[in-house]
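Given below, in the form of structure tokens, are the structures.
Each of the next two complexes has chain A plus one other chain: chain B in the first, chain C in the second.
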Partner chain A sequence: MLFNSFEFALFLPLSFLLYWFVFKKHLKAQNFFLLAISYLFYGWWDWRFLSLIAFSSLVDFIAGQQIEKSNTKARKKLFLWISICTNLGFLGFFKYFNFFTESFADMLNMVGMQTNPWSLNVILPVGISFYTFQTMSYTIDVYREQMKAEKDPIAFFAYVSFFPQLVAGPIERAVNLLPQFKIKREFSYEQGADGMRLILWGLFKKVVIADNCAIFVNEVFANYQTASGLELILGAVFFAFQIYGDFSGYSDIAIGTAKLFGFDLMTNFRTPYFSRDMAEFWRRWHISLSTWFRDYVYIPLGGSRVGKGRAVFNTFVIFVVSGFWHGANWTFIVWGALNAVYFLPLLLMGKNRKNTDTVAENRVLPNLRELWQMGSTFGLTCLAWVFFRSESVGDAWSYILQLFTLNHDFNVDLPYSIYLTLPIFIFLEWCFREKGIFRLKTINRINRYTIYFSIALCIFLLGRFNNQEFIYFQF
Partner chain B sequence: MYKFLIKLLILLFFFVPIYIIFIGSVHLSSLDSLKANIKFKKGGNGHLFTRLKEADTIKNIDILVLGSSHAYRGIDPRVFERAGYKLFNLGSSSQSHIQTEFLVKEYLERLNPKIVLYEVYPNVFQNDGFESFIDLASNYRNPLGLWRMALKINSIPVYNTWIASLFDYAFNNSINFNEAIIKKDDIYISGGYVEKKKQMNNSIEELNSRKTEINNLQIESFESTIEFLNKKRIPTLLIQAPITSENYEHLHNRREFDNFFENYVKGDKVENYINYNNQKLPLDNSLHFYDSHHLNQDGVEVFNEFLLKSVKGYVNE
Partner chain C sequence: MGRFLFKLSLFGTIFTILCGLYIYLFATNKSDTIYIKIISPKYCSFILGSSRASQGIEPLVLMKNLNLKHEIYNYAFTVNRAVWGPSHLKAIKKKLKKCDTSALFIIECNLWSFYSKSSKLNSFPEENAPPNSIVFPNIHPNFEYFSGGYDFPNLHLIIPSDGKENSYVNELGRMVITKKFDSTLIDQNIKTKMKTYANKFNSVIKDERRFKYLSETIAELSKYGEVFLVRMPVANEMLVLEEELAPKFDERMKAISNGRYINLKYLSNTYITTDGNHIQNKYVDSVTCIIADSVNIQLKR
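Presenting the complex of A and B:
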């Protein structure tokens, strides 16, 4: 079920009313209902893969308890590895099996041994990269004794499958989300209203910004061989907006929906395109994944508090693994590596934590220096997005080479709605850079509602409604 | 909780009229850049405006034709008129069964045909009805009655277009509208037909092997139309107009469709089902078609002679 579908437009209010009017009295009933609707939400796409979530949840539920019960470190480790191997095993099989066999066959072919890769026609279960990471965080935290093992299976299963963030995040930590399943939720007007604001803004980002940009982006990337330099530059820039609108839009809807059910999820994006360097960008882009890798991979590897050589290695590992997490294709690995190359000079010069505040804080406009910093960071990001979007590394490389041609013809039809909405979107994002959409709460009522109504009208008038899937579903 | 719900309802209460007025105003304005989701196009492709206008003026015909562009571009009333039959073609572009059901219920009583020729192109069964709805909402005299169809198709551009058509109706925009009889290669012929003399150009259309997936809404409407015609005791003939043999062979489940339609004959729900793609008509792709699934005028003449022979018996009964 897509957030931008009519099914969801019925599912959400119905679930909301049942949750607060029928199942509100007991915590267990609330959790049971959430579990049921989460499975219904996921099963709408393909009910067969419900068994995968259920199995993954069961393994981690048992593993968590066994880790806590175990007296010896070795036994604790054994159950931790059972959990990790099960989750990564599923992920590896469904997502990476063909990539490894094909890459292995390519390698053999390169050294003259002709082989045909043994590939399987495997369907990638939606959201597998998200929920496996979420459930792994639980067993790791229990192992590290950062939290107690969960005794209530319903609460635990509901935590793993919580529908707003099940298929595309934010990847929640057990320490943050699981305790919320242990307290009976009471409806809060403020939380509900914030949820609605986020849903509205998320929908705008998805159906107006991302899906309109997609029309132009798809055309340019499909015909990049014949496109002019200007078209290719715009293709990369628009893809930057497409993927941001798509993914942050999904996150906003997910966080907003969770709020309607009394849950607070972590922020996943904080206006990343207003970053002044790549380190800041990575503190603002897909925060739930970056911090997951930081906490569960980077820091255990030693982080940056090691020798310079080791710190460079750790950084590379984290970026490449993060790239690979996105998909079984060399393009994602190169994208990750390129971002590591962007990031490393800052790390080595000790400037990676220089810009931890918000740009132009307490000012209306940025100064020239900030403008240059934001522009150059955005430019580098767009260049890396070319690898992310292309079918192969070769395609991406040709795209980039072609980008520098002097031909500046412009023959692609841009949807009018983009001319109209993109500047407004950038302006609003600039206004929201500190407090997000909640900034609107501080302006007077008439202006506030005018903005809400205008956003809603834009959605109905200029949005794309062909049930366009969210890009991150494929990850 | 109640405060939240009440506030939501109040917002909705204000938003709905603002939305409707806004859509209407944008439609009536020349702000084309804001019309991405308002697909209204009066007198669009297929001459539906003129066809429906003509349908409002005629009565008591012999043969009524329903279906997609294969119907209104494939069955020429002049061929039937030469044989003494009065035929009217109520086909429209991509007319799906949802629209056929509506049109037949609106026009059957007035046209009062002796027989109905229902053209059933398998691809239409997978159609969501969107394109044809837009055509109908833009060109039908009273779009108010289309609300049920809009709900059935259920998409934002459909609702927006329907609202736009209501404003168009309210402002009497149809009164001063005159659709051109000749549009590029298309000539509207009295009786609902659109003639095209063009031959297939040399560029070969790329055909993909396909399996037509059935949309249940289309089946529902198809069955409802057949049931309605049965109730009115109008004999119905299901036909598949010829398309190029290459295109027809690319449809994997063509036999399933034949069986599906033949079951209606066996169940005495329709008089007969004739698939002219299985009839070995003397049609040549380069001479008788203008694209992979539409006959040109020469092809129509050939096809209609065969169709006439099949239909004669039923009309004379």
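Presenting the complex of A and C:
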């Protein structure tokens, strides 16, 4: 079930009304209902994969309890590894099996040993990378004694499968989300209204910005061999907006939907394209994943508080693994490595925490220096997106080489709605860079409602409702 | 909770009413031909095909010359929407009022609608565009039409009229072009159009699926009346290009239509077009008369 589908437009209000009018009296009833609708939401794609998520939840539920009960470190470690191996095993089998066998066969072929790779025709379960990471964070936190093991299976299963963020994040930490399943939720007008604001803004980003950009981007990337330099530059720039609108739009709808049910999820994006350097970009882009890797991989490896060589290695590992998390393709690995290359000079010069505030804070416009910094960071990001979007590294490389041709013909149809909406989107994003959509709460009612109606009108008139999937579902 | 639901319902209701009212009052006063055709009532007889037919075949003239029992509606669209495929056939069926077996269907065959880009051979791109994408046509105001990614250049079509439009849709669906064309403008239009079609010529290949679906469309419509295929006159430059692309097109059409094929390509020198593709408004009645005469002859009336 997609957030931008007709089914979800029925599912959400029905679930909302049942949740607050029928199941509101008892915490257990609330959790049980959330679990039931989350399984329905997930089973809508393919009910067979429900067994996978149920098994993963069961293993982690038992592992968490056993870790807490164990008296010895070795026994704790054993259950932690059972949890990690189960989750990574599922992920490895469903997502990476074919990649590893094919890459291994390619390697053998390169040294002259002809082999036919044995690949499986497996379907990638939607959102597997998200929920396995979320549930792993629970067992690791219990192991580190940062939280108590959960005793209530319904609360735990509902936490793992919580439908707003189940298939594309934000990847929640157990310490933040699980305790919210332990307190009976009461409806708050403020929280509900914030939820609706986020859903409205998220839908605008997805169906107006991302899906309109997608038309142009798909055309350019499918025919890049014959496209001009100008078309290719615009293809990369529009893809930057497409993936941002798509993914941050999903996150906004997810966070907004969770608010409607009385939950607060973590922020996943904070206007990343207004970053002044790559380190700032990575503090603002897909925050739930970057902080997951920081907390569970980078810091355990020693982080940056080690020798320079080791710090470089750690940084490289974190970016490459992060790229690989996105998909079983060398393009994602190169994308990750390229971002590491962008990031490393800042780390080595000790400038990676230079821009921790918001650009042009308390000012209307940025200064020239900030403008240049934002422009160059955006340019580097777009270059890296070419690898992310291409089918293969070879395609990406050809695309980039072709990009520098002097041919500036423009023969691709660009949806005209983009001319109108993209500047408005960039303007609103600039206005929202400090407080997000909640900035609107500070302006007077007439202006506020004018903006809400305008956004709703854009969604209605210019949005594309042809059930275009969210890009991050494939991860 | 009460306050939240009340405000949310109020927002939704006001938004729906305002949009509905706006569409109802203004969306038909200008030249969004597609919308006007989609919301029209069902008809028994049709003129189908591309913009060549949409602009070039007048239903009133056909009715007068053929003494038709039922009104005939011009349900032709642009060449990228009126492509013979499953979704266009479905759209036609949704508009069809099943009267008896005395209906008449004039299907204009634009050669370019039988050719597709090789990348599009595994799909039917027209299915995402109105009228083919509309599940509930024949309703006004039609929210579905406007919510399907209404594109920016069309927005001016639903802004209150300034009385300076270059075209309108008459009550039986023909798009009437009121703009005046002098020879310089026509030359310029033909040049631009030929450049576009020359590019198209190099990038398309024959799409057999389109021929198959045209046959299916004819078979379906034949249940309700007589079906005729028509090839409209175009500018000489366009005809040369089309003959080069598909020299045996006429034979194929003749075979598909069981001989009920009215070929007006030989009139390409007689009638001047506005852009190489569409005949001028002043010739519409006489071209339609020729079609009517041919139908009369074939039906031996």
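By definition in this document, the second predicted complex is superposed on the first by the 475 of 475 C-alpha atoms of A that agree within 3 Å, B and C clash if a C-alpha of one lies under 4 Å from a C-alpha of the other, contacts with A are read in each partner's own complex, and residues count from 1 in each chain.
As a convention for this text, a residue touches a chain if its C-beta (ideal position, glycine included) is under 8 Å from a C-beta of that chain, and two chains touch if they have at least 3 such contacts.
Note that the coordinates shown come from a computational prediction; the quantities given were computed from them, not determined experimentally.
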Combined model on chain A where chain B meets chain C, clash or fit: clash
Contacts of A:F6 with chain B and chain C, given as first, second, both or neither: first
Touched partner set for A:A193, first chain B, second chain C, both or neither: both
Chain B versus chain C as contact partner of A:N355, first or second or both or neither: neither
First, second, both or neither for A:A222, with chain B first and chain C second: second
Chain B versus chain C as contact partner of A:S288, first or second or both or neither: neither
Touching partner for A:Q180 - first (chain B), second (chain C), both, neither: neither
Partner chain in contact with A:S251 - chain B first, chain C second, else both or neither: neither
Clash-bearing segment of chain B relative to chain C, given 218-226, 254-262, 290-298 or 308-316: 290-298
Set of chain A residues, in rising order, touched by both chain B and chain C: 20, 187, 189, 192-193, 196, 212, 415-417, 419-420, 452-453, 456-457, 460-465
List of chain A residues in touch with chain C within their complex: 20, 187, 189, 192-193, 196, 211-212, 222-223, 411, 415-417, 419-420, 452-453, 456-457, 460-466
Of chain A, residues touching chain B in the complex: 6, 20, 187, 189, 192-193, 196, 212, 415-417, 419-420, 449, 452-453, 456-457, 460-465
Complex interface listing, chain C residues touching chain A: 1, 3-4, 7-8, 11, 15, 18-19, 119, 128, 133, 143, 146-153, 155, 199
Complex contacts: residues of chain B adjacent to chain A: 1, 3-4, 7-8, 11, 14-15, 18-19, 22-23, 26, 32-34, 36-38, 154-157, 160
